[in-house]
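Next come two complexes, and both contain subunit A; in the first it sits with subunit B, in the second with subunit C.
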Partner chain A sequence: MSAPAYTVRTGTRASRLFGWGLLALLVALVAAPLWADRGMIQDLFFILTMLVLAQFWNLLAGYGGLISIGQQAFVGLGAYAMFGAVIVWGVNPVPAILLGGVAAVLLAIPTAFFAFRLVGAYFAIGTWVIADMARLIVSQWQVVGGGTGTSLPREARADMWGVETIAALFDMRAAAARDVLAYWLALALAIATVAGIYALLRSRQGLALAAVRDNVEAAGAVGVDAKRMRWSIFLVAAFGTGICGALIFLQNARIAPDAAFSVVDWMAYVIFIVVIGGIGRIEGPIVGVLVFFVLQSTLSQFGAWYLMALGLLAITVMLIAPRGLWGVISDRTGLQLFPIQRRLYGGRIAKETP
Partner chain B sequence: MSILALQGVSKRYGALTVTDDVSFAVPEGQALGIIGPNGAGKSTLFNLITGNVPVDAGSIMFDGQDVTRTPARQRCLAGIGRSFQIPQPFSALTVFENLCVAAAFGRDLPERAVAEDCATVLERTGLIGRANAPAGGLSLLERKRLELARALATHPRLLLLDEIAGGLTDGECASLIDTILEIKAAGTTIVWIEHVLHALTAVVDRLLVLDFGRIIGIGDPDEIMQSPEVREIYLGIEA
Partner chain C sequence: MSMNRRRLIQTASAGGLLAASGLAAPALAQGARIRIGYVSPQSGPLAAFSEADQFVIDAFAAATGDTFEVIVKDSQSNPNRAADVAQELIIDDAVSMILVASTPETTNPVATVAESEGIPVLSTTAPWQPWFIGQQGNPTDPGSWRPFDYAFHYFWGLEDVIAVFAAMWDQFDTNGQVGGLFPNDGDGNAWGDPVNGLPPAMSERGYTIVDPGRYQNLTDDFTAQINAFKAANAEILTGVVIPPDFTTFWNQAKQQGFNPKAASIGKAILFPQSLEALGESGHNLSSEVWWTPTHPFSSSLTGQSAAEMAAAFTQATGRPWTQPIGFVHSLFEMAADVMGRVDDADDPDAVAEAIAATELETIVGRIAFDGAGLPPFAATNVAKTPLVGGQWRLNDGVWDLVVVDNSTAPQIPTGGRMQPL
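The block that comes next holds the complex of A and B.
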C-alpha cells in the first residue's frame, strides 16, 4: 500500500458562502453614507465600536482565560491621550487616535506586571482596581478639564483630516461629515480587528492560545510558553481597546473621567455582549452586539427596568445556554462562519466531505 | 552514554521528604521501569525531571547538559517528552490539533511542516480514526493513547510515561504494550512508572523500586522482583 497522503483544511462550504455574503455586506457598509441617514450612521458607529471592544475582551477572556474587568482603563486612557495630544501638542485628532493605542499599551505593561501575579477572581478585581486608579489620576489632569472634563477644541474639530472632502463629496454639513469620518474609521477598525483576530486564531499562536486556555500545565509540557502568550494578547487587546476608546470620544467630541472610564459602558455591556453571543468564538460578539443593540434601542426608554432586563437575560442565557446564542446555533447546525478548526482529511481517515 | 543522569536529587514539601537523595542513570535507547507503592514519590520524580517542580538539592543531566535549573519548556525542546498520570488533553481542540500544538511548539516548527508527521503519530498510536474528534469526548483508552501520542509528537529522545496502562482491559493493555515496544525499537529512551507489572516487565530492561522517596533497588527486573524487600512492599499488591 502506498503512503497515505493527508491534507489539513479549515474551511467549510458554509464558511465559503458566508465569505461572499460578508464581502457584499462590507461593500454595503462602506457605502452606508449613500443610503443611511445621520442617525443610522451614528447607530452603526455605536455597533461597530462595541463590536471591537467585545472582540478584544473575547480574545482575552474567551481565548486567553484572562477575565479582566478593567478594560475601561484602556478605553479611558486611549481617549484621554487623544484629547491630550490634540489640546497640548496640537496634533490632528485623526492621527492622535493611534497615540491613544500607544498610551493604552504603556499602561498595560505595568498593569500586566502586577495583575499577572494574581489568578482568577483576584486577577479580575486587580484589573478593576488599576482601572479606577487610572480614572482618579486622569481626573487630576487640569489641561483636559480635570474631574469635569472638556470638549475637543473647535479648531481641531474643523481641521480634522478628511472632513472637508467628505462634506463636499456628500454635500453635507461639517458635523454630519465628522460622523461619516468616525464611522468609516470605526468600520476600518472593526474589519482590522475581526480579520486580525481570525488570522491569529488560524495561526500557530492561535493553537497555543487554545492549549493554554484548556490546560496550562500540559501546554508547558509540550513546549508552549504560556507567559509569553498571555503578555502578547494582553498588550494587543490594550492597543486595540485604546484605539477604540480614542475613536469613541473623537466622535463624541466631549470627554469626562466618569464617562471615559465607565465600568458599565465599557465593561458590563461588553461582557453582556460576549456572554450572550457566545464566549470563545469570533461569531459570538457579532451576534451579541446585534442583540444588545436591538434591546437597547427598544428598551432603553424604561430606564432602570432596562438594566434589570439586561441582567435577567444574561443570567437566563448563562443558565440555559452557557456557550451563548452562537453556541446554540453552532451546536444545532454545525455552522462555523469563521472556521478555525484544523481537520485532517485523506489517508486512512474515513471519507468525509469538507 | 547515559541520556539521563540524576545525582543526589532531593525534594521536600515542608517536613515531608518526597524525593530523598535519588541517583540513577539511563543509557540511551534503554527502558527503565519505576515501581513503588502509592505516595512513594514516583510522579514527583517525573515532575523534577521535566522541570514542572524545582529540585531542592542535587543535579539532573540530560544528554550531557546540566538541566537542573532549565525551565520545563526548554527541557521539552531539548527532547524530554512526558505523559500525565491523569490525562490532560486540550479538551476543546481535536485530537489532531492536540498533536499539532505539541509538534509545532515542542519542536519549534511551523504548523504546515508538522501535519504529515502528526498523522503518522496518530497511525502509530491507533488514533487516526479519531483525528477530528474533540479531545474532550474521548474514552479512557483513547485519552491514554492521546497522552502517549502528544508526547511522541514532540519527537522526544527521552519519553516519560506515567501509569499509562492503568485502568485498561487486558486487550487494550496488550495493544498499548505493542505500541510502546515499537517506540522503543525506534531508539527512544523510555522511563515508565507503572503499577501493571506484567506490562512493565514486557518492555523494560531494568527496574527501579522507590519507597518513601528513596531508591531501594535497581537492576534486572527478574532479580528485583525476587528480592525480599520488594516482595514485602508488594505483598499486598502483587502475589
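The block that comes next holds the complex of A and C.
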C-alpha cells in the first residue's frame, strides 16, 4: 500500500517565518540588561508578568470555558506563601517562588471541588467569593503583618540567589541587579507558559479541550473526560498564576492583603488584556498586553478617567470586534503565529492554501 | 452627577498641581537644581490629607527660589501605586531625596522602596510604630527588627496617644470601661496590639479596653461591636477608624442606644468635613491633635507662625485650616535644611547623614533624631513631635477644634476643658 496522498500539517509559511523572528526577539530579550535601562527592564517585567497572568486566564476562559474571576486568589496566596517561607523558615526568596505555585495548587483543589459544582455566572461569582475569603483569612496571619502587610526582610533581599553574580557581571548596584534577576525569571516564566500552552493545545489533550469548550455533552459522547480536562487545566493555571504572583511581589518587596488580592490589578486588567487582544488565541493576550501597556503608560496619570477609558474601550471592542484585535487581524489576513488548526494538504482533498 | 463633577475637579486640580510644581521656578540653572520627589494621596479616600499640598509647594518655591525642583506624585490612596511612583521618582526622575506623607498606606511602601534603592526618604503623618514596625519582615518578633540606613520618620507614637486619651478621660468620672474599635489595617493592628498597643497601657492607667477583635475596613454593620460595648457597660469609646466607617458606626450606635460619655477616636475625625457628615451628633467628639494654629511654633522657611500660616491657607483657598498643613510644610522645611548642610545632594550617604544630624525648629516643633522618648530600636530613624488632645465643638454652625488637654506638651495652650458627650 502506498503512502497516503495527503498530509496533516499545522504550520503555515507565516508561522515558520514568525518562529525565526520570535527566536531573534527572545535573544534580544535575554540580552535586555545590555541595551535597556532600569526603567525599561521594569516595564518589560510588568509586561511579561501580566502576559503570564493573561495567558493562564485565557487558557481557563478561552479554551476551558471556565470563566473564573477569582484568579487573584492564586496571585495573592502565591505571593504570601513566598513571603511566609522567607520570613518564617528563612528560605531564599528565589526557590520560595516555587512554594508560591505549590500553595496556589493547594488552594485550587478545594476551590475546584466546590466551584465546579457551579455553572456559568455562578461559577464566576463562586470563584470571586473564594478569592475574597482567601484575602480575609490571610489578613489574619499576624507573622506576615496581618492587614498591615509587611516588607521582604533586608537580609533576604541582599542574599537573593544570583544577585551578586549579576551585579558583578553588569557592574550595577544590588537594587538594579535584583530587577534584572526578577526580569529574567519573568522572561523564563513567560516563555515556559506560552510554549507549554502551545504544546498542550497542539496535543490530543488540546483537541479534547477545544471539544469541551464547544460542547461538554458532545465531547463526552465522543469519549472525552470533560471533568478531568477541567480539573487539570484549573490546577495548571493556579500553579502558574501562583508562581507569577510570588514573582511580582518578589520584585515589589512589599506586600499587603489588599495589594496582593487586588481584583482590579490581577483580574480586571487581565480580563481587559484578554478581551482586547482576542480570547481563545495564544496571540490574543500578547497583543492585549502591549495595548494595555501603551494605554497605562500614556493615560494612567488621569486617575479615574483612565479607568473609565479602559472600560469604554473594552465595551467598544466587545461590541465591534468580539474576537478581539487579533481576531480582526487574523480574520482579515488568515495570519496565525501560533497555529493549532490541523490542515489537510495534498491529495485530492484540498489544495495548499497560501 | 455631583460625584462626576467632584471627580472632574479633583482630577483637574491634581493636573494643575503637577503643572504648577513643574513650572514653579524659572528654569535658570536646570542642571544645578536639586530634584526632590514628593508622594502623597492626592486622590482617593485619603485625599483630605493632601488638601494643602499645592499651597505648601507654592510657598516652598517662593521661599527657596530655583534651588529645588519638586516632582509631585499621587499615590491615589493605593499602596501598590505608592510603591510604583516611588520607583519612578528614583529611576526615571533621579531624585536626590523623597518626601512622603499621610498614613502608613502611603509612607510604608514609599519608604521600603527608597530604603531598598538607597535613596534618602523623609516621612511623616503616620504614628511611628506602624511606620517602623510595619516595615519589618516579621512584626511579631522584635529580635528580628533592624534600623534603616536611608529612611527617616517624624511624628508621634502610640505612647503619646495613650497618654493624651487617658488624660482627657481623667478629667471626669467614668467607670473605666472602654470600647475599642480597631480595624485590620496598619493603624488598627498597631493600636489594638495586645502587647504594645492601647489595651495593656490603658489597663496600667485604670482603664479596661473591651476589644471585640479586628474588623475589615468599609464594614456596613457594627452590631457585634456595639453589643459587646453595651454588654461591658462601656462609658468610653476609642479606636482608630477610617472616616466612612466611623460615620456608619456612630449612626448605628445612636440607633442601638449605645451612648458613651466620651469618644476619643483617631484618624476618623481629623477634618471638619468628617464632622459635617456626622452633624450635631459629632459635638464634643475628641481626637488626637498634632497641629493647630495655636501651636507656638513658626516656620524656619517663611518665618510665619502657625496662626499666620493657617490664615494664609484660608485666604489662598477659602477653606478652613486642617492639621496636615503644618506637617506637609515641615517636610519641605526639613528638605531645605538638610540640603543646605550637604556638599553633594546626589550623595545618598551624605544626605542620610545630614538628616540624622538634623536639629531644626519647625512649624510642628523641634525635630531631631536624638532618640528622645523612644525605645533604642527606633532611636536612629524616628523623631517625635508633640501631641495634645482636642474636642470638636459646634459653634453657630462652624466646627471648631479646641485643645482640651496639654499635660503631654504643656507649651501648647489649651482652649477649654474636656466636656462629656
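To be clear about the criterion, the second predicted complex is superposed on the first by the 347 of 354 C-alpha atoms of A that agree within 3 Å, B and C clash if a C-alpha of one lies under 4 Å from a C-alpha of the other, contacts with A are read in each partner's own complex, and residues count from 1 in each chain.
Here is the rule we use: a residue touches a chain if its C-beta (ideal position, glycine included) is under 8 Å from a C-beta of that chain, and two chains touch if they have at least 3 such contacts.
Only a predicted model underlies this, so the values are computations on that prediction, with no experimental measurement involved.
When both complexes are superposed on subunit A, subunit B and subunit C end up sitting side by side without clashing. Touch criterion met: A:Arg157 reaches subunit C, while subunit B stays clear of it. Contacts of A:Leu136 after superposition on the shared chain: subunit C is touched, whereas subunit B is not.
If you stand at the C-alpha centre of subunit A, subunit B and subunit C are 140 degrees apart, rounded to the nearest 10. Judged by the touch definition given at the top, the superposed model places A:Gln301 against subunit C, while subunit B stays out of reach. In the superposition on chain A, A:Leu51 makes contact with neither subunit B nor subunit C.
Of the two partners subunit B and subunit C, more residues of subunit A are touched by C. In the superposition on chain A, A:Val75 makes contact with neither subunit B nor subunit C. Note on the superposed arrangement: subunit B and subunit C approach each other to a least C-alpha distance of 40 Å. Contacts of subunit A with subunit B, set against its contacts with subunit C after fitting on chain A, share not one residue.
Listed in rising order, the residues of subunit A touching subunit B in the complex are 4, 6-8, 203-204, 207-208, 210-211, 213-215, 217-225, 280, 341-344, 347-350, 352. By the touch rule above, subunit B contacts subunit A in their complex via residues 50, 52, 72-73, 76-77, 81-82, 84, 88-94, 96-98, 100-102, 104-108, 110-112, 115-116, 118-119, 122-123, 128-129, 131-132, 150-151, 153-154. The residues of subunit C lying in touch with subunit A in their complex are 7, 10-11, 14-15, 18, 43, 74, 76, 78-80, 83, 87-88, 91-92, 104-105, 108-109, 112-113, 115-118, 130, 134-140, 144, 146, 183-186, 188-190, 214, 216.
Contact residues of subunit A toward subunit C in the complex are 37-39, 42, 86-88, 136, 139-140, 142-154, 156-157, 173, 175, 252-254, 256, 258-259, 262, 265, 301-305.
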